[in-house]
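Below are two complexes that have chain A in common, paired first with chain B and then with chain C.
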Partner chain A sequence: MSRLAQQPGERIDRSQPVSFTFDGKPAAGFAGDTIVSALYAGGRRVFSRSFKYHRPRGELCGCGQCANSLFQIEGAPGIRGCSEPIREGLRVVHQNAWPSLDFDVMRATDRVGGPFTPVGFYYKTFIRPRRLWPVYEKVLRSAAGLGRLPRRQDEREWETEYRRRRCDVLVIGGGAAGLAAATRAAELGADVVLCDEDAVLGGLLGIEGGHERVRELEGRARDAGVEILSGAPALGFFDGLVPVWQGSTLHQVRADQHVVATGAIQQPLVFADNDLPGVMLSGGARRLAAAYAVKPGERAVVATVDDRGLDDALALSAVGLDVVVADLRPDAGGGELAGRIRAAGITLLTGHTVVRAQGRDRVERAVVAKVDARGRALGDGSTHDCDLIAVSGGSAGALSLLLQAGGRAIYRPEIAGFAVTELPAGLHAAGAAAGHDRAEAVEVSGAIAGAEAAAALGRSPNGVADARERLAQLPAAAPVATPPAQASDGGRRGKAFVDLDEDVTVKDIKRATLEGYDSLELSKRYTTVTMGPSQGRFSQLPAARVLAAETGLDLGTVGLTTARPPWSTVPMGVLAGRPLEAAKRSAVHRRHEELGATVRWAGDWRRAYDYGDPVGESVAVQAAAGIIDVSTLGKLLVRGPDAGELLDRLYPNRMSNLAPDRIRYGVTTSEAGRITDDGTVCRIDDETFYVTTTSAGVAGVEQSFTWWLETWGLNAHITDLTQGVAAMNLAGPQARGVLTGLTDLDCSAEAFKYLDARHAEIAGVPCMLLRIGFVGELGYEIHCPSVNAEHVWDAIVRAGSKVGLRPFGLEPQRVLRLQKLHVIVGQDTDSEMTPYGAGMDWIVKLDKQQDFIGRWALEHTAAHEPSVRLVGFTTPGGELPTEGAVVLGTDGAPEGQVTSARRSPRLGQVIGLATVPAALAGDGAQIWISDAGRRIAATVTTKPFYDPEGEVLRS
Partner chain B sequence: MSLAFLTAAGGASAPAALSPFDAATTADGGVFEVRDGWRIASGFGHPAAEEQACEHAVGWADVSHLGKLEIQVSADAADELAGLAGGLALGRAVRDRDAWWCLLTPVRALLLCDPGVLAGLRQELEANAALKVLDVTSQFAALRIGGPLARETFARFCALDLRPERMPVGACMQGSVARTPGVVVRMATDQYVLLTGAALAIYLWSVVSDAGGRLGGRPVGVDALSAPSELEEAGTHA
Partner chain C sequence: MSFLLTCPNCGTREVTDFGFGGEASTRPASRPSARELNTYIYFRRNAAGVQREWWHHRSGCRAWFLAERDTRTNHVIWTALPADAPAGQTPA
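Moving on, here comes the complex of A and B:
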């Protein structure tokens, strides 16, 4: 065990022991421990195997940002062990190693696989012979990846709650800067949300002994009304929307102002075998000690280029480690910290750095040497026995979110990294992300950013000037040395890693550069550097340095890769959220369910496809009567003095001369004369028309009608009544009798003719009756208030049951309408079909006075024979072609397609609609249908199969 | 011919109008009574729990029986519309003559009222030749959502900015609600009325139940949230 005595500000609760298992073996820790801190305290140093070479990897960052301690937990892969808290009974399993974490046979790729797995090997090594690629692919896919998804679907599912949150200011980052910014903005009256990826607020300040100050800042923030989301990383910046993931909730935050206080990321150093377990960021080692009271080692070599490393060295020494410091700076910064290091009796080697780590599967020694500007050792250096190499390669501002939001960054040699220079309106940077490294400056910069954000919202920017002056008077940042691309003792052994996530080495980047991938973006795509779970946090700067050294470019020119979301890794399931599938249901939907209907999607409606017996249902309609719910039909009311003219301009046929109480069929076309929708128009009075559309088309028709109404400036109003008016079609030879029994209306053929509309009460409910019939039988469409629809439906079904009426669904309706060759727009027509092609020449009234939509195109179309026509067909052999099957032209080339096909129970044959070459569009012509290897002979007809003269319909 | 078929059956012998939520409220154990010709869920069998939900979490009640009139005018009569109810303004719900008047566009307004006053108001409005009045009661499903977590409930399925400074009591907002077009009126500090298309009622009920249920809420009877709203109390005129 390496648990320290109680540390001030430690996160663990020693009174609450927690038991869990790691790879099936018992493990223990305390409440507040992470998986890594608990296992580390128990003596484990290897937490994972690397992605490509399966090298053992130890802890790196200690804060959930690296990929060195990813575990499989309760079936979920890729969980970050250095930030995931333990809980009683948790089952933690290693990933990416077999048979065990400590002995992984795939390590062979590291020992002997080098020649086969150079950078970009998947583009070169396994491509010949080509026929073996499927085998290679299978093996590579099996070997690649991190962790395994559970096989069972139910184990892969979880629920994520979406929560939309609007606020004035979103502060990203809960360190000193973020807390100060949030508090200031809230105190100035802004509605503020603060999010931080860590479960405990405070950031670096809390780890570096400032936990009391953190508590104070957090208290002030809460008192000011800041909504604090902890354990909640901001995933990215999507045009002002910032998704913040917190456990099972995805907060979709939209703020007017954003303060990014995401801190800085301590960088690793590059030297031979810099991935050995025991090579750790000095901040990570310090975090283990400060937050979890875990002693990270016994003897440490701290290699640093900045003051932070020195500060961490002092902290490690204070908890009992025997420390040697190698500072690359010739004077170790020349500040107070160097003096404190020496005063503490710590060996301080200036101008030195670590050039090699040594050890079998963990750090045993560090070779430290003085190096030149390119990192080459000057002399043999010295070897130090140690079990920890704590490195601080400078800090890189966590700029990704700022850059995603439109900020720009440039390289600044004095901080050996990139800094933001330009921010778009509404975006503020604070703390280390804005380049401040001293605690006081970090906090003051936060307060300034918060005040500025509030001021941008119109609040008084009280105190901003004073705070700026105070910030200007604070000491400048301590000097930082620029680490070499690689510190090297000149030896050939050992890999020097630039990217631990993807096992990308210095050699890989160099080789890629020689192969022509000489920009960071190209190198990224070729070597996969920065593409791992850490998203370049620890590899972007090292890779840029190698590339700069190889190309001779300065770091500013090499630049950074494009910042893209997600900034933090996130399970796909989190993004899925609550399934919001807006389903429309008719007012009689309950009755369909009670009748056992097969309910299917039809556009955005749930509709009764059939009631279990589509054949019987269609037969009943033609033998007695049937009722179908057609409430899904679009229904528009067009009213006003210019309503008739409006419709004349929208339809190719005339509507303004329609007599009251009469109905007319119409199709709408695009300006190109192509059919867009169809339906009926019923005139209610001089200024009022009731327009029906297809079920799926109503939104488009309403939009089009409204757009043209506005354009033409006509005096009319359009109201969509679709959801408020239910409709049902009563059809069949007994329909009149059924209806007569339910109303006082004279339903005789003379008094209520085909294409008449009447008002009537049915079972006490006011209804409008339209005598039309899509299914080809004597029929009535009954429109009534949806709130009374069940009552009307029940009354009709009850009355009709005496004569054999049956409810029928969509499928029987499709068979029946096909017998009449009634077209379904969208199924039998496509985006190129004109009324002429659909055989509706009669509907286009080119002699109309008014201009109408599509007129110009239709005039031209009328002058030419369409290349294809929509016709009916039968298959004498009885084969049922698939809808979409190809119709062949005379030369055998595809020239049309089957749009609808069904077997008609009444006719005892296969019938359908198809587009066919115009030359074959005559009655009796024979066509050939090619259908998935079948050739089906069919005979063309242009007249309905059933009731060709419409006598039944008009009866 | 007339537009009578747009208005629910009336009169003593008429069948009760069924709310578009009826299947859902029935499935959730609704207790019903007929008021003003409508079958209304007056409770869900747990009055204390319903009261508790409204007081400490969130409750939602079916108020689809509220009368709804659409008023349209031509562009040159927009001032006529804006002058109704003492002055209408976009984004505001004006309380006047036992109804809420919401100007949705400069030429279109929606009026919400108790069923009992619907016919009178309609008659009064139709007397003005400049106004085209239509009974759209059946067109919309209406939910009253109230309680301290009402806004949090909306946040689970709706991106509208319902913060008090953006949507004060008496405000009216149109937008996407659970991925469908909706109208939201804030009736009181913690009370909203949500209108969506009637055909989407069952879907919407499931969304609200799922979101509100996780916050400790539950469906409540129509009277549970009918305490006089601040808007009603103040007789707010925008």
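Moving on, here comes the complex of A and C:
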């Protein structure tokens, strides 16, 4: 492994070697290295294969912006090797090449060229025949693609901590401008958060020899109380909310003021084979040397259009590279940098640029020539042996976040790029993102932005005017030459890329223009230029230049495309995933587990579906007794002088005339008269009602009840007791006997009638007993404090064991209630079902004095026969239809559906509920059910299959 | 969509803490015609501008309150419990 001598401000710690593997082979680096810097130091130059042509690709930016070094790491694809730090034992694997990175058979698509090259080939070729698309897709996906998602779930799991942070000022970017802005704002008393995508603060300043200054600025920022998040890219602007991703934490930062100091992105140049490994941004090459002490090459040709390239050339020369500079500007900027280049003995070719890179799978030579305004070589030029072509095609401000936040960009010829103009209130730009390129100007602009942000918060900064004056007096930015759309020696060999991510060439954009895709937005969609992982950072300007040259428009008219969030690559797992609601378990859940229950989700609840024997459990309930945990029922206490009035207005039936200790069934309806929920209402005393709701519906019912209460301003209060009160249903012919043994209460049929409620102690625990029967047997719903629920459950199970009582689960309960045609709201009703359609005409009291929710709609409904009705059915042939199967109308058209169907062990037949056309809703009517190819005959019934007169229930 | 909302009981929270209750509308005082009923149930003004609307502090005190919000900018002008809401367009 070769390294340069210690570099000032280098990030590596040479005392800490780190070993990892690349494609299974051992590799090594130091703590502080990135994957690319370590591999580069070990001599590797090819880091990926391109998306479409599988051309070898080397490093481009060195700072996590390009897509040239994406790796698969421990199951996660698309990791940026030039910013991802190495760790001991890390397993790094290449992507998109087979069998290996250095020999990829799919390279044939590039070498053969021909049919695979033109843009739009895939669109045009694979559209027909349409039925073959699944086959095409499979082949194409494995041919072109970036990484592979692991199939094993444990490799895909991702845990993210979400943190909400509100602050006065969020500074995005931790270079000189950002640090200065954050410090200034914090010193003025603002609560400031600063984030930077790099693991080390300082931005360009730290790489360009200013690490001492960076340390100073960072120290001042920390002293001023700035919260600094490093290794933390801001992902985008979402209505003022900025998600900042930092490892396993997603900070959701909401600030009053935003300072965007995101810097600028050095641009590549376009020439033949400008993607050969060894063609690198000059800033990337310099970064390898400065931050990681890696010598980026031995002999370099630096092609530049601005002063930054000259500065980088000096830095590369200083670390021992043999450098030749080709500056497109006829006077090389005319500044002191050109003088320093010459003084260093570096060959400087003015008005020249690189027109072609040559070499087999890596740069071996550069062809440099003088070019005209359109980039065509004047003369043959000269060929230079080299292993590095370092390019600086100007700087493009990193404007995406500013644009997402509402800024506007206009073209400014003097910087050969776009600059942001109209910033909305609360948004400030600083540093290179605001068009400043000299270190001092960058820092001063940051301080001004920080002061302005503080001023907008009502602080009174001093010296802002002075600072502005100082900024104005600093030397203007050095002149920049506008690079041609393509520098060319006229030769036909080689590909000139405008977008390395997506393998889009100059020829592709030209062809797309000829085919009519002559605006950037259309071209983008057709050629996919700018749509790759680097989001157009390096391809937007080059693509716009080609389009401008082809259409004759100026660059300002061609414009920019919108880079949407996320601005930085972020794993899907950080943003999305199954929202993990806390599972709810009833107070007796432990008992279900001890009994070996099949536990399943029922909404948010974990419920006992059965205890291994659903048939035996349902038989036991009907033969002796059973107990089911119904703690999931919603339970609301409605209290106050107007409680009765409130319920009368909420339910279609009457509740205020309910006698104390009596219970009434009720459904709630929407204003449109549709069933929304059901449950029981029990009057405890004059001003107190105990309301139960469906398990899933309680939140909605409570919201709706409290909203109406607020709207009407009635004197009542609603308390949700669901979690604090457990409930279990004891049912079966032996239920009374079991209960009597556990309480002093007179449980006789005369003293404790059907639909009575009683307060009593069961096994010493104060309980409320509701005599109701969802499963159709003599039954008691026992409500008790959750803390005592296990005790009550145990007492009942123990007392019942002598008579054959068995705990039963949800599945047997569903069979038993179906025998009674008891409806489950949400299962047997949908959002269009009215009480009339559900066969509950009796529940709607249109003669009631009060208005109630849904009254007017129900008056209309009552006047018309519903199109479908919910009825029971049996299948004489014994087939069990699937729930959701279609019920056919008299003309054979689908008109209803099966909502519930079960085989009843007791009745020995298939029973169910279905919505059927009104004409077929009478007892004995024959209907046809169409169920995935089966046609099943069924007979309608409107009476319960079991105990139709309710004698058992009342017994 | 992302903005802050101030619960009159609990203070300022992210909007994700709250449930949206729709624009404030008026329930007909007496039996509406079929057309009025249809409008009441199914039609909303869907204003591009300031509207009065209901919010529910779902992940907090569970109170319902009123707010005026500009639907174009999500700028919230005020929030208040129904009893304290400024006069103007009366809620239901």
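Heads up, the rule we're going with is that the second predicted complex is superposed on the first by the 869 of 955 C-alpha atoms of A that agree within 3 Å, B and C clash if a C-alpha of one lies under 4 Å from a C-alpha of the other, contacts with A are read in each partner's own complex, and residues count from 1 in each chain.
One rule holds for everything that comes next: contacts are C-beta pairs under 8 Å (C-beta built on N, C-alpha and C of every residue); 3 or more make two chains touch, one makes a residue touch a chain.
Keep in mind the model is a prediction, meaning the values are calculated, not measured.
Asks: Under the stated touch criterion, which partner chain does A:197 make contact with: chain B (first), chain C (second), both, or neither?
Replies: A:197 contacts neither chain B nor chain C.
Asks: Classify the contacts of A:672 with the two partner chains as first (chain B alone), second (chain C alone), both, or neither.
Replies: After superposition on chain A, A:672 lies in contact with chain C alone.
Asks: Could you say whether A:110 touches chain B, chain C, both of them, or neither, answering first, second, both or neither?
Replies: The answer is neither, since A:110 touches no partner chain.
Asks: Considering only the touch criterion stated at the top, classify A:208 as touching first (chain B), second (chain C), both, or neither.
Replies: The answer is neither, since A:208 touches no partner chain.
Asks: Name the contact category of A:707: first (chain B only), second (chain C only), both, or neither.
Replies: Only chain C; A:707 stays clear of chain B.
Asks: Applying the document's definition of touch, where does A:238 land relative to chain B and chain C: first, second, both, or neither?
Replies: In the superposition, A:238 contacts chain C only.
Asks: Of the partners chain B and chain C, which touch A:811 in the superposed model: first, second, both, neither?
Replies: The answer is neither, since A:811 touches no partner chain.
Asks: In the superposed arrangement, does A:489 touch chain B (first), chain C (second), both or neither?
Replies: A:489: touches no partner chain.
Asks: Just to be sure I read the superposition right, which of the two partners does A:648 touch: chain B = first, chain C = second, or both, or neither?
Replies: After superposing on A, A:648 lies clear of both chain B and chain C.
Asks: In the three-chain superposition, say which chain, chain B or chain C, touches more residues of chain A.
Replies: B
Asks: Could you give the residue numbers on chain A that contact chain B in one complex and chain C in the other?
Replies: 164, 252, 254, 713
Asks: Where on chain C is chain A touching in the complex?
Replies: So the residues of chain C in touch with chain A come to 1-4, 14, 19, 21, 27-28, 31-32, 34, 37, 40-42, 54, 56, 58, 62-64, 74, 82-83, 91-92.
Asks: Where on chain A does chain C make contact in their complex?
Replies: 164, 238-241, 252, 254, 671-672, 702-703, 706-707, 710-711, 713, 856-857, 860
Asks: Touching residues of chain B toward chain A in the complex: what are they?
Replies: Interface residues on chain B, with respect to chain A: 1-9, 11, 13-15, 17-20, 22-23, 38, 64, 70, 72, 74-75, 107, 132, 134, 136-140, 152, 154-159, 161-163, 165-166, 178-180, 197-203, 207, 210-211, 214.
Asks: In their shared complex, at which residues does chain A touch chain B?
Replies: Interface residues on the chain A side: 161-167, 191, 252, 254, 578, 580-587, 589-590, 605, 631, 637, 639-640, 660-661, 683-685, 688, 713, 715, 717, 719, 721-725, 757-759, 763-768, 783-788, 790-791.
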